[in-house]
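Labels A, B, C and D are assigned to the chains in the order they are written; within every chain, residues are numbered from 1.
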């Protein structure tokens, strides 16, 4: 029988690893805040600030419809279906697909991951069915291109050059292919909305795309677009947690400063996990 | 020629510039950064015979930048008689990783099986990293050539991360993060890295928090390291073209602003 | 005269470079080849490293019967081939997404949030009692940038000022990353040029 | 029905995988490894589905005679790899690896190298000093560029120091905050997935 918890530093195995205790506490606090935010304000509308990239989503779809050109949406090469960013991206895809189905605008979704392809087909098909346009759905437009990073980049580049999309959505986890796609999209004159959790690629998107959702904005975006209460509540929870984090940072910094000033060195570092 | 736009001019200029600089050739001396020095000191201070795991966590496409970095680090490790265990977390790093380890080993008369081994590729990096913490042999029952790991002299007594001094992640993407998240945090494995210049800022926070022991980045990092170990290589050779290309990009930023400013003035007038 | 491998690699390299002018049949041909070959490559690697190595050999060779579970889950993916049963593929996907999310919560929280928080905390003064500019800048930078990501309120008042400062920190970060990344991008091209000039065209050593 | 099973599986595995993280029992490790293996295996089967779609799309598109040569090259290139691997194996020096080394890798590296050109064109286009923050972006990029090339040493001695300072403090602090935010976003998204509030992946309404 394993003990429930053991003293740190011993080699014994336990149900609860003491090194992980801070993460467990933080997880439970965070989960508590999310649940609180979801149920406490249920039914009351949320006031959220604007995110410029999201205002442009409608415009991008409208433009593609007007110009009778397709819209390309791709989740990048860096993520797999287990990644929360991919879920957030597919969430936005569902919103975009609902609109393209209504306007009868062609939606092309190339991906490097067959599992993402499978899920995306399902997401788009359902969105089309929901608006009563199931007949407009084309499963071959949601396609697996290549798992190789630059095979994928070459394929999507080819698609962009040949299909001349009016709008390109680059939302998900991107690596080096980000700028290849963004510059090619720019060269065909597409309006481009990008968003990623890959911090490096953000800088390329900022320089090359019309709108960029920075990190957390990508997660908030699906809530904005769908006005889905549970997602908006999550956004609210994230904000509450940010306040907690800022308070933590201020208190801990002041603590460390006082400890240093009083000549005790930085003191016991309770803030380091 | 109706398709010829200003961007084509930008492309052509870069192509011609790099070609000319490379045809002229030459090398240049660089100043060694503290991080590169720290990497050198770290590898230098490991006792002879320490086992260093080298993980090729990159795609084949970044070989041009990865090669000089990996070669400089491998040369240093071999010259310090460290035992190297190569693995690849990305399929495309497999053949390349083996080629790099093997060609540098030859320079130092190192033998396969005794001084270095190459275990090959394991898909699903998270699983691979976690499972090697339990048992390397269970994760890689055979090496790249199908020899049972138990038959490799080097692997005797190398069961899991407790027998490994450090893992050196050669990466062109975020894979070093996985070594940090699953190797370092969960199993206290020391992680060092040789990464492409693009990835350097990604790893800064990990360096600052100490989760990543040390790293060298990019062609420049390779050039610095080559200088420290006193073996010239691709890093130093590429530096002139590198410098020229930086100046070119700077010029493009300036030119873009001038063009924009002039068009604005014309519009206002 | 370079060998045949180098000539093929060189011609294909040039074919890809033609894309810089615009999309054209030569590029399209190279692209089609690259897509085909790379998919074939992935299939072979997945076959040998996944299906054989962790499924079929241990299952049928070593008799690890528990592996029939992932085998069945995998086979459920094949339900995609028949519209009638295609929905069954949601079960293995549910496993991937659910377990991925379960791992992501503590891992992301620890890696992305907690570690970054504790790394931010340090005394704002030096041992000598003078203010530590770097520590102050880091603390201010993190707080201001976080306030940029505060969605629940319009950016007015103190929040407006902080988030405005946050955008400056963000811009510094983006500029820094861009500048830093240029080096990498150029290195790759320099590497390709070295191949073209030295190995393929034999113009340099 | 299958939706309910999928949701139950998602919930069950979500909770279990969340909890196992906090345990140091070997069983927890083994569980995590087993699940990671399941991921790989499901991926492998999904790959077959993805490839079937790829072949189907190519066959369909090759009805157009203009498209035909490209599609044939694609499918033949694809089919050649498993055949080469079956006949000669995949070790260093095999025909399979020859194709990889001399066809796939050179093309991939060249697609990657295209980035150098795109960096140049993006620099020409994207760094206009339109506003204070755009200027800051421009200046930071310029300082980094200068400091990371050999020029910096004879240009001035403080430039690399300044660049390092910007990178290590203000720039890193912004990255930290982005990471903190991503951590929170991932957390809430994952939680919604486990609790079954987030069901987009199932297709249809949440």
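Quick note on the criterion: contacts are C-beta pairs under 8 Å (C-beta built on N, C-alpha and C of every residue); 3 or more make two chains touch, one makes a residue touch a chain.
Because the structure is a prediction, the values reported are computed rather than measured.
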Joint neighbours of chain C and chain A, given as chain labels: B, D
Dominant interface by contact count, named by its two chains: C-D
From chain A, the most remote chain by mean C-alpha position: B
Separation of mean Cα positions, chain B and chain A [Å, integer]: 28
Where chain B and chain C are represented by their mean Cα positions, the distance between them in whole Å: 16
Mean-CA-position distance for chain D and chain C (Å): 3
Contacts with 2+ other chains: residues of chain A: 20, 23-24, 27, 30-31, 80-82, 84, 87, 115, 118-119, 122, 145, 147-151, 154, 157, 176, 179, 199-200, 202, 204, 206-207, 214-216, 220, 235, 238, 242, 245
Residues of chain C touching at least two other chains: 16, 19-20, 22, 28, 34-35, 38-39, 41-42, 46, 50, 77, 80, 90, 93, 96-97, 99-101, 103-111, 113, 115-120, 139, 142-143, 146, 149, 170, 173-178, 180-183, 185-186, 188-189, 191-192, 195
Junction residues of chain D - those touching two or more other chains: 18, 21-22, 26, 32, 37, 39-40, 42-43, 46-49, 51, 54, 100-101, 104-105, 107-109, 111-117, 119, 121, 123, 125-127, 137-138, 141-142, 145, 148-149, 167-168, 171-172, 175-176, 178-182, 184, 186-187, 189-191, 193, 201-203
Contact footprint of chain D on chain A as seen in their complex: 2, 13-17, 20-21, 23-24, 27, 30-31, 34, 38, 80-82, 84-85, 87-88, 90-91, 94, 113-115, 117-119, 122-123, 125-126, 129-130, 139-140, 143-145, 147-151, 153-154, 157, 176, 179-180, 182-184, 186, 197, 199, 202, 204, 206-208, 214-216, 218-220, 222, 226, 228, 230-231, 234-235, 237-238, 241-242, 245
Chain D partner contacts - residues on chain B that touch it in the complex: 6-7, 10-11, 13-15, 28-31, 59-64, 92, 95, 98-99, 123-124, 126-127, 130-131, 133-134, 144-145, 197, 201, 204-205, 208, 218, 220, 239-240, 242-243, 245-250, 252-253, 255-257, 259-260
Chain D residues within the chain B interface of the complex: 26, 29, 32-33, 36-37, 39-40, 91-92, 97, 100-101, 104-105, 108-109, 111-113, 116-117, 119-121, 123-129, 138, 141-142, 145-146, 148-151, 153, 160, 167-168, 171-172, 175-176, 179
Contact footprint of chain A on chain D as seen in their complex: 18, 21-26, 39, 42-43, 46-51, 53-54, 56-57, 60, 104, 107-109, 111-112, 114-115, 118-119, 121-123, 125-127, 137, 175, 178-182, 184-193, 197-198, 200-206
Complex contact set, residues of chain A against chain C: 20, 22-24, 26-27, 30-31, 46-49, 51, 80-84, 87, 115, 118-119, 122, 145-148, 150-151, 154-155, 157-158, 161-162, 176, 179, 199-200, 202-204, 206-207, 214-217, 220, 235-236, 238-239, 242, 245-246, 248-250, 252-254, 256-257, 259-261, 266, 269, 271-273
